[in-house]
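Order of writing sets the chain letters: A, B, C, D and E. Residues in each chain are counted from 1.
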Amino acid sequence: AQPALSAELSIALGSIGQDVAEMRQQLSKFTEETGHTVNIVEMPASSTDQFGQYRLWLAAQNADIDVYRTDVIWAPQLAANLVDLTEAMADRVGEHLPSVIQSQTVDGKLVAFPMYTDAPALYYRTDLLEKYGKAVPQTWEELQATAQEIQDAERKAGNSQMNGFVFQGAPYEGLTCDGLEWVASHGGGTIVDENGEITINNEKAAAALDQAKGWVGTIAPAGVLSYKEEEARGVWQTGNAVFMRNWPYAYPLGNGEDSAVKGKFDVAPLPAGADGGQSAACLGGWNLAVSQFSENQDAAIELVKFLSSEQSQKERALMTARLPTIASLYDDPEIAKAQPIVAEWDTVIETAIPRPSAATKGQYNEVSKEFWTTVNETLSGRGTAADNLDQLEKRLRRLKRSGW
Amino acid sequence: MASVKLTKVEKAFGAVKVLHGIDLQIEEGEFIVFVGPSGCGKSTLLRLIAGLEDITGGTLEIDGRTVNDKSPKERGIAMVFQSYALYPHMTVYENMAFGLKLDKGTGKDEREARIREAARILQIEDYLDRLPKALSGGQRQRVAIGRAITRKPKVFLFDEPLSNLDAALRVQTRIEIAGLHEKMSDTTMIYVTHDQVEAMTLADRIVVLNKGRVEQVGSPIDLYERPDNLFVARFIGSPAMNILPARIEPDGERASARVEGLAPLTLAAPRRVAAGGTGYLGVRPEDLSLSQDGTGDFRGKVSLVERLGEVTLLYVDIGVGEEPLVAKIPGSVPVRRDDEIALTARREALHLFDAQGDAVHPA
Amino acid sequence: MASVKLTKVEKAFGAVKVLHGIDLQIEEGEFIVFVGPSGCGKSTLLRLIAGLEDITGGTLEIDGRTVNDKSPKERGIAMVFQSYALYPHMTVYENMAFGLKLDKGTGKDEREARIREAARILQIEDYLDRLPKALSGGQRQRVAIGRAITRKPKVFLFDEPLSNLDAALRVQTRIEIAGLHEKMSDTTMIYVTHDQVEAMTLADRIVVLNKGRVEQVGSPIDLYERPDNLFVARFIGSPAMNILPARIEPDGERASARVEGLAPLTLAAPRRVAAGGTGYLGVRPEDLSLSQDGTGDFRGKVSLVERLGEVTLLYVDIGVGEEPLVAKIPGSVPVRRDDEIALTARREALHLFDAQGDAVHPA
Amino acid sequence: MSNLSMGAPPTEKAIEAQERPATRSNLSRERLRSAWLFLTPMILVLALVAGWPLIQTIYYSFTDASLTDIDGAEWIGIRNYWEYVDYGDGEGEYFGLFFDDQWWNAVWNTVYYTVISVSIETVLGLVFALVLNAEFRGRSIVRAAVLIPWAIPTIVSAKMWAWMMNDQFGILNDMLMTVGLISSPVAWTANPETAMWAVIMVDVWKTTPFMALLILAGLQMVPGDVYEAAKIDGIHPVKVFWKVTLPLIRPAILVAVIFRALDALRIFDLIYVLTPNNTDTKTMSVFAQENLFQFDKFAYGSAASTFLFLVIAMITLLYIKIARLDLGGRGR
Amino acid sequence: MVAIAKRTGFYALVAFILVFSVFPFYYAILTSLESGTALFDVNYLPTEFSLANYRDVLTNGVFPLNILNSVIVAVTVVVISLFLAVTAAYALSRISFRGRGLLLLTILAVSMFPQIAVLAGLFEMIRSVGLYNSLFSLIFAYMIFTLPFTVWVLTTFMRDLPVEIEEAAIVDGASPFVIVTKIFLPLMWPAMVTTGLLAFIAAWNEFLFALTFVSNNDTRTVPVAIALLSGASEQEIPWGTIMAASVIVTVPLIVLVLVFQRKIVSGLTAGGVKG
């Protein structure tokens, strides 16, 4: 039902790639349809900083933000101050991937509704692989070897800025994803398991981190330790990397007009670990939540509905290769044609590994910080992986005390 | 237009007492000068009268009214400061108008008239639109005086108003202040200075202060010719009076002083003294003259000759006391260091002091 | 121990020339005083001699050696500054020792001995361990002098060393400096001051500077009695010499000056002048005396009387020029404002100047 | 206007005996009344904006306050600082700020950063000040130029330097490689060996001018005649510097150092922007902010803030003692 | 010879100081004028002159509004601080009363407060009175550092004003309020300008409170806006726009600082506070 008066809403979202531009377009449609106007509140690119701000605002009972775009992992921590969408979304819930819906349900309360989901890909340079006659690597070892070879050869050929592999190595939430992928792909578990047990201190995890450590300064630039998504994409898109680990959003951007790698790259699932490990992708994705302090909750819910609708998700997939949470869209021919990556990604999504936010509840952030710190320190060569993981376990245990 | 009366006025800063019971009666229209060594309390006393400091003890009356707890404004005083204290951001005119504007009783025309009048008297009419910084020191001081005049004060206070001026200007402004006093003959003026010349030339009466006490009050000539005690005697006059320890004895009507090793000197005017007391003989350098015939009251070797052109200062070791006897002889005399000379003192200008340092005045 | 010779010494700060060709010959052991109005270049000249400023033109010789480009140390000079310039964080002893440390030849004992000696001469032995801030102004100045003495300079420079002291201390220290000059009789001393009394009492010869030029060099009495020009005449002596425009005419051997409206005055000493020139007559206030019989050289109405005890200043309107004639009469005279009086000038003490202001000296 | 270029806060203690005159005049009464009238608004604002929040912060450090539920905070004593948790199986562990090695790491980082950056700034500031104190052509231009880093907002300078220190496109690497000091690009802000130095570098760049100005003010208060006396004494300039200049400007340097140190101890924004989340550069303020607003540990963050406050308060008191500030005023 | 070596050495030092101080800002300007891929080549001299980045910052998004916010906050803070401080400074510098020393000590201590120490308490306060996410919260919070600073510096300045001027006014019958407003205020203009400018810069540059107490794009102040400036462009980290924004917010400050150079030095040293 159309509200009698048009409301002025605000939505908070982080800005990576073209997110904001795209959002603007969709919002103008929304305004056309409903008469509500929506302001965009831009957030820092680092999702860690973003989370800090959200938390702060909710604590401050900030009525100026109506809708938050939330990371998949934040649901448990922000649940207390978000509106329960169960009822409002009752008729929509069925369309969406159950695992995603599940991740946004805290104690039976649906705190956020999915906007898109996310799972990373290995970006590779088709032209370079071809030039050196290499196959798309299936394991991290292969990746390392191929990257090294091409990098060396390219550098010798005068392309001194060429790097083998770029990923997210800065100490922030993104590194938790990368690290988790490495560890999980080696069969090293998910830091904390579903039951809240701390599982990270194991040999496979150590092996995974040791391997990654070997990349820094060899196939990856030393500066990778300060890279987030956009820094990695920067190197990649200027044509200075053979491989990149990143989210699908980089796909259309890489094919943009200004891109040096336009038409010269493709994507594949992330490589697997050694010894029967398998490819592991960290489950990402963003959701929409309505603030408990919003003065226009109805309109806000309307906005959530609009942005999570099939139509919006499709547009998003077409424009920025954001992965839909509505299963049927993966078969959409239009999408498959415009953004092949989306169509290809449904299997990856199905097997993607969630971060342990549900198990660690309100403390997830600190758990994640401890983990990324450990990974970052290991990558930068301070302590061995085994020692650092040992430390990490102790820290996590201190955090946990008697329970999460 | 007002008399000022101080009765046992005391002032202490914290535990330190700086004025010890000052009694003083100033008549309407008098020009009173406070002098004394640095730190003796001159400024403090003036500021008590102004109302800028609180009185610790005693009473201060202006025009017969006790004003101890009145603010400066209520006392009807005006003050001129050593540093002029003009408001730097106001023109000369505004400086003079400021106090009058605050005083609601004065109308606009009246104000204008008073300022013009003051400016005329002080010949600063041409500068009325200037800022103080565009004036010379002397002009600034005149403006400061003008600002005080416009308020038509009953009591006019000056705290070393000339000490920031150079020598020539000081003389000129001093003469102007003397003229002002004559024009405003019924305004009581109280003036602090450390300059003897100013004190001597301006004052009707001088108040000599020392360590927070009044040493003597009197006309300039009085202080010069009949100092009440050793302090005043040495303080007034430059170079200072020569003081020699002496035995004082009656000599008929008069008195004689016998300085050790010298012939006794008998004073010109009669003095009544007890027999055989110890005390001091004082003689001003300018009251000594060179004896041509080699006989005189004081004989000794010249230790230093200072020729100032107009006068010559002779420092003579007469074998009494630590310090040499100083003589001031007009013109340039042909005396050189190490010459043996004899000096004669004017009998009318000898001063006697008893053992306590109090003067033995002519009977 | 050294003579100082300046030949056409010039100094310019940027485009501004402040010294215009100074020629001066100072003999070994002489005490020379530079005087002049503020800004005339006294300090600059002294600093040129010290080597603190570079000489723009001319030559400076010390002991016959040209030292234009020598550093202060190589010139063998020592200097005492107006502001003492003691090292505030060093004790008195260290202050005196600091400059000595460098001389390799001066052993430790020698240094100790020199400092003790200087301290003894200046009576600052008791303060050797104190910091300058714990000393009075006079004591600080003595330390500054002590620091200079220990260096056994050939030329000793002083820049207004007494101007920060109060009156009493100034007299005392002045006398000490005079004593010092006697003790170090072969050290050349150059002394800058703006105080006439200091200049007159200390100097063997005074150099009067004006706007970067030497006006006159001579002994104090010379300057007082035979000023070379109007500038020196008015500069030396206080109150300043009265200057009256006059026609100057020969009168036999001598000369007479005819001030408009007055009878001509004939000078005591012979002067050689051309007939009928215009010029100036100068007479010092102290050379005027009251005529008892009502006839005299100058007649007029008293506009102000200032009684200083010892002397009385009379300001007399004689109808010539803007300024009143000033007379300085010894003692206290019974003259009051508005009295008509007559003054007589001492014939021996009249000064004549030609139209250019140059003195017409006795032939 | 009186002399504006006077140096640092007035020294010389002047404890004024309180004036208690027998009769207080209307003037004194009026002035006293006005004094309090004039002061009250300022005192109120300060109490509101500084006093009360400080008390709050300290209070929260003794509660279990959480950001999501500040109002439900309950008193838990010193457990945020010091707590022993018995696991029940005979084992137990100490918790609280005093046993948090990450906190001590932050403390160490802060101290390290403070000592190093302030030392460099002092030495460099001294050199700058000496140069600026010399007479030379174009001095006023240099003097103005030196103020530029100081005027640039910290955030902006952090961004500027982040760009200059960018590992791929940064000009710093390019320069150093051109000169040959390094052979391959250094990731200044990411590398654990260089991260802190990157922060220090930016801080030195930004605050050396401030230091230089304070020292310059000290230098200008040294009476020039002292140098002339030294020149007359023929003392070598190097010796003059060590024996005369340095002792005389020591108070100015001391004041500058302590001010800078107090400022450095509370550094936040530079690190937040330049090296976010980096354990090598995490300082006390960053640690506190992180706990307050990013982790759900409002109370714990308050405890860290309180601790930092105490450290700075102690140094402030020390400073006031050393500098012997004239708090008595000079008025009537 | 030696003299020449000395001179060259000295001027080399001067040159170093100049480059050291100016180069980073120069480079920021350089970067802000480049666009596209030129950004990623290291240049020491200007190679192109493109105002695209400036157009971007000023037209896309709310950056102009952020500047306005900063101006509003900083100016208001300065005006209020100066107003409160000038009367307080009069009382502190000119009237002796019991507890004056302690009060001054407290004010000095407050100026040294680590902001983080009051952050929790201030946050709670701002939240509970509903000032969150408004410029008022910043105006209020900034008092914690501008007020003690202005009081302290103005007290120092006022202490140096000649006592006689005040006494002359007292004799003229001026009340304390008249003395402050009619006599001291006009005399304090230079000091007020200096102090105000320093307080303005401090408020303009503040980050932590601004990060914590306001949320929306359009309530942010400049430092937060720059720190959070990202995305919304095809380029990865938009260095060009960031540098353009930095230059925009810095140039006015630098101009102010250069204009008031001398005053600032005296203000800094009088206060001896804040970097």
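The rule we apply is simple: a contact is a pair of C-beta atoms (placed from the backbone, for glycine too) under 8 Å apart; a residue touches a chain by one contact, two chains touch by 3 or more.
Here is each chain with its UniProt name: B, C = sn-glycerol-3-phosphate ABC transporter ATP-binding protein UgpC; D = Sugar ABC transporter permease; E = Carbohydrate ABC transporter permease.
What you see is a predicted model, and the numbers here were worked out from it, not measured in a lab.
Common neighbours of subunit A and subunit B, listed by label, are D, E. Steps from subunit A to subunit C, taking the shortest chain of touch contacts, total 2.
Annotation: A-E is the more contact-rich of the chain pairs A-E and B-D, by number of C-beta pairs in contact.
Here the spacing of subunit C and subunit E, counted between their Cα centres, is 56 Å. Centroids of subunit D and subunit E (each the mean of its C-alpha atoms) stand 16 Å apart. Between subunit B and subunit C, the centres computed from C-alpha atoms are 28 Å apart.
Contacts with at least two other chains are made by residues 52, 71-72, 88 of subunit B. Residue positions of subunit A touching 2 or more other chains: 49, 56, 59, 234. Residue positions of subunit E touching 2 or more other chains, listed in rising order: 40, 123, 127, 162, 170, 187, 212, 227.
The set of touching chain pairs reads A-D, A-E, B-C, B-D, B-E, C-D, D-E, using the touch definition from the header.
Within the complex formed with subunit A, the subunit E residues making contact are 36-37, 40, 61, 123, 126-127, 132-133, 212, 215-219, 227-228, 230-232, 234-237. On the subunit E side of its complex with subunit D, the touching residues are 10-11, 13-14, 17-18, 20-22, 24-25, 27-28, 31, 39-42, 44, 84-85, 87-88, 90-98, 100-110, 112-125, 127, 140-141, 143-144, 147-148, 151-152, 155-157, 159-163, 170, 175-177, 180, 187, 190-191, 201, 204-205, 207-208, 212, 222-224, 226-227, 239, 242-243, 246, 249-250, 253-254, 256-258, 261-266, 268-275.
For subunit D in complex with subunit B, the residues that touch the partner chain are 1, 16-19, 21-28, 30, 332.
Looking at the complex, you find that subunit D touches subunit E at residues 1-10, 15-16, 18-19, 27, 30-32, 34-36, 38-39, 41-43, 45-46, 49-50, 52-57, 59-60, 70, 127-128, 131, 134, 136, 138, 141-161, 163-164, 166, 168-171, 174, 205-207, 209-210, 213-214, 216-217, 255-256, 259-260, 262-263, 265-266, 268-269, 272-273, 284-285, 288-289, 292-293, 298, 301-302, 305-306, 308-309, 312-313, 316, 320, 325, 327-332.
Touching subunit B in their complex are the following residues of subunit E: 162, 164-165, 167-174, 178, 182-183, 186-187.
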